[in-house]
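Order as written gives the chain letters A, B, C and D; numbering starts at 1 within each chain.
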Amino acid sequence: MSAFLSDLFANFWVSLAGKLLLVALMIPLVGMVIGYAEMKLSAKMQARVGPYFAGGRWGWAQLIADGVKFFQKEDLIPEEADRPVFKIAPVLVLISTVALLVVIPFGPGIIFRDLSVGVFYALAISSLSTVGILMAGWSSGNKYSLMGGLRAAGQLIAYELPLVLAVIGSVMLAGTMSMSGIVEAQIEAGYPYLIIQFVGFGIFMVAALAELSRIPFDMPIAESELVMGYLTEYSGFRFLFFFLAEFANMFTLSAIAVTLFLGGYWLPGIPEDVLAYAGPVIVLAKTFLLVFAMIWFRWTFPRFREDQLQSLAWKWLIPLALANIIITGAFKVYL
Amino acid sequence: MTSSPSETANGETEAAEADADAAVEAATPEPHPLQEFADHVAATVGGEGAVVFDTVKVEVDSGDWVSALTTARDEMGLIFFSWLSATDWSSEVQVGDPYPEAVEDRIEVLATVGDISEGRRVTFSTTLGKDSPSISSLVGVYAGANWHEREAHEMFGIDFEGHPNLAHLYLPDAFVGNPLRKSFPLLTREVKPWPGTVDVEAMPGGGDEEESADGPSEENPEA
Amino acid sequence: MAKGLWVTIYTMVRTIFRPGKYLATVNYPLVKETPVPRARGVIALDQEACTVCMLCARNCPDWCIYIEGHKEEKPPDKPGGRVKVRNTLDRFDIDYALCMYCGICVEVCPFDALFWSPEYEYSEVKMGAMLHDMDRLQDWLETVPPDPELEK
Amino acid sequence: MVVDQDLVRHLSESSVSVELQTEEMTLNIGPQHPSTHGVLRLVARVDGERAFDVQPVIGYMHRGYEKLSEVRTYPQITTLINRIDWVAGYANEIPFVVAAEKLLGLEVPERAQYIRLILTEMARISSHLIFMASYPLELGAATPLFFALRERERVLDLLEGVTGGRFHPNFNRIGGVKPAYGSGSSTRKVIQDLPAGFLAATREAMDRVLEAVEELELLVADNEIILARTKGIGVLPADVAAAYGVSGPNLRASGVAFDLRKVEDYLPYHLFDFEIPTGENGDCWDRWHVRLLEIRQSVRIVQQAIDGIPSGPLQAKVPKIIKVPQGETYVRAENPKGEMGYYLVSNGNQGPYRLKIRSASFSNISILPWILEGVLVPDIIAILGSLDFVLGDVDR
């Protein structure tokens, strides 16, 4: 039986289908868990109850109910919209999230695809979502959406650079661009790279928040200024795609940060044979810790102004990231 | 159609009125502490000053309107622009109660300005004719007069000469009429009959006192 | 920034662990707050006390009370006594879609026929259903609370 | 060789423009927009993110209260006017009843004066708490909203306990405060004094308000992003503010220590000890901060008033049907939003002949075309929010 199973999964197409199914299931699942956590935690931070009705206890089914509601809604497309672009944009945003999940190692050997240029791939794909946002803003035929889209474009340019520069430190230390290779290098070194790459980690998290356009960098949405920015004209399941993508993207970007800086599936003191099973749990725990921080920031901070964001990126984060690379290089040479 | 507060036709309220009158007589002081200030303002801007119920009111000629307020701003330190509006004095009233005695038909333009240190304030007033009233704009003196003059323009039909943009402020552009003129009927009270018209009978227990409390005499002639 | 982060996390922790003390909201349809006795929720009518004097309808700023009545002769209590004439209520409607909840009708009522009840859950899907007739208003009478004690 | 002449000409004529040619865009902010607090509409002509001309359009909520007042009796009008600035409904009633009392020459009993004062200050606290709630929200911070609303709820509960209404108390009567329940009654006359436990509950609520204000200070005043968004934004000099009739906390933020509570005598404020907080630069930050400090001063006034509240009647002797004698007067009061006043012309009847309502927000937002010239779109929202207006107070 097990021989049959392993034979079956040795088949390229079967294993591909299985992996696709898993990834496709993981995105809504993760999105819902984080969405629920955000609702509930933000409520507690504000001395509120949060969702409590759907599902009977603690409102656990709130997001399922929301999802059903979104699918029931009419799919509105504005008359002035650029229809094909308008339709593709949410899909593109969601796809970039799905594609990101592929290179995250959840344990020794538990990875959908171990690319040798995993980091490079992850960074390239993560900026795809911003392209989707730009498309959404541009095609909506709404001035608020347009401004939101343009802000997103400005943010993409400003924050893609620190994001890339921030991870270079870890890549230099590990000497590989493979995601699992970086984790293994951290295991070998015996410490997570956070210890020497704390600057890189900080920059990465700030840039990731900007990439996600979450408060304090949610200028593309900025509901008090631009109504809902690029989301203004979206409704129904297309809106749901953006909604899910935001939460799933929080997860994937946090998982990348965990891989690059927090030692991935590794925890000190746990023997390697246990890691094979406990790996996914450790990755999830670390990731949700970072996700919690993102939620925490969101419900505490106001938002920047677009020009302040730009000056933060260009005047502070990029020079800091460059300095970090130089110092890391020096560290690497003299070690 | 007159439709709400109005005097009661019957004489049962006389006692109540007498009460009110007595209270008024007892409490109106003769020499007011603000009278001196009112006279001072009136002398400076050229007009007549009076203190009516703790309000310093200075009447000026409509031709001196802008110059009087400029003087008030520059020489009296009254730099705070509180409000500008008007009163339509009319003997013929479409809604509400008319003035009991005959009044001269006129539009009284009022503007209150004050200082921002001691709390002195003066209400300037001037009189305009009822037909196509027109007066110089105060926008050059107090920038805040802009919106108030637009409001007075649409509500009373006063033309403010020299106003940069005398467009409607509240009402749609196509609106015809000046709602705060006493000749303008109030539609909401025209289209619906007053539910208080129905009358069963004078009450057995309450006597006549309650009847005197009801509203317009025209609609309720029995009361 | 750090102090703000402290405030939110502190609130979160205390709300999670002591919701009874620190929760600011309630699960509305499941848990309800009791309105204060003076709350102006809905007007209740005591049909027995009403003498169709029209005072409330005439004092209403919105004209949202509609009253109709007729005279009714009551046989004398004792044989040979005077025939009593009593005003009987045929219609007493309050249009809550129009009502401003000012309470003037309750205040002017000389016969204690109108009362405020703090009841608030009577929203309707259709605007016309907000017109409560005299029987509905009579039903509200049960919800009228006793008056609160006064501060000395 | 065949040369495409068209292509050559096209290439020779084309040039790379160094100056970026941008197109102006008209952005319609409102009447339905999350941060215009109702139905204010701003027609902003923007070039990218910078607005060079912003014109407010008002009147979507014009209810014509000045006209409606002419067909109503004095007791009926208090119902209307507490809907002008609905976040501080109670405070709107005061100048009106004081104006009528002035014409009638009535002396209001001391206890009624104290009750009016306590409730007015509580209305001020609740109004300022709404500002504390909504302003950070406009800058993107959602959490202060709930902290402020939680305390406002406490204050409103107390207001409701006394008056029966949360937003629209309708509690003032000419000559005092609402005297009795079923006042014409011969059978069941209930005096509407303060409910038992009110003073103790208020004392506790005031302490809680102070705590919440501290929390808000930590959340907002300690945040560098808020400071970056508000310091030096929307600077309003005092002389411009005065010329436009900008009053209240907005004027005080510009450094003018002018408070009608100190100079007018509509309520016995002279009996209490309080300060007038002022700002330094007149920017958005000062407008936020002045209101925060004003909450503390209002709490101080309430605490003193609770300690010193006298006993006695709630209403002066007034006839049952109030006819206000002929005359005219202007009474103004320091409302949470600024100077609120009524110019009352009476013709000796049950209703006024003319009632001019001077509302604070109307003048406060008339400054918008001046102050919003050349600012960025996010700053439009920051400045708009800092002026703290209510559309009911603008349009009346």
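Here is the rule we go by: contacts are C-beta pairs under 8 Å (C-beta built on N, C-alpha and C of every residue); 3 or more make two chains touch, one makes a residue touch a chain.
Quick caveat, the model's predicted, so the values are computed rather than measured.
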Chains linked by the largest number of contacting C-beta pairs: B-D
Mean-CA-position distance for chain D and chain C (Å): 29
Rounded Å distance, chain A centre to chain C centre (Cα mean): 53
Distance between the centres, which are taken as Cα means, of chain B and chain A, whole angstrom: 64
Interchain centroid distance [CA atoms averaged], chain B/chain D, Å: 24
Multi-chain contact sites of chain B, meaning residues that touch two or more partners: 210, 213, 215
Touching two or more other chains - residue numbers and ranges from chain C: 1, 4, 7-8, 11, 24, 55, 59, 108, 110-111
Multi-partner residues of chain A (at least 2 other chains): 45-48, 299-301
Chain pairs in mutual contact under the definition given at the outset: A-C, A-D, B-C, B-D, C-D
List of chain D residues in touch with chain A within their complex: 25, 27-28, 33-35, 49, 136-143, 145-147, 150, 219, 223, 225-226, 228-229, 376-381, 385
Touch list for chain C against partner chain A, complex: 1, 4-5, 7-9, 11-12, 15-16, 19, 22-27, 29-30
List of chain D residues in touch with chain B within their complex: 58-59, 62, 64, 66-68, 70-74, 76, 102-107, 184, 238-240, 242-247, 251, 256, 258, 260, 262-264, 317-332, 339, 341, 343, 345, 347-351, 353-354, 356, 358, 362-363, 366-367, 370, 395
Chain A residues touching chain C - in the complex, by the definition given at the top: 41, 44-49, 52-53, 296-297, 299-301
In the complex with chain D, residue positions of chain A that touch it: 42, 45-48, 143-144, 147, 215-216, 218-219, 222-227, 299-308
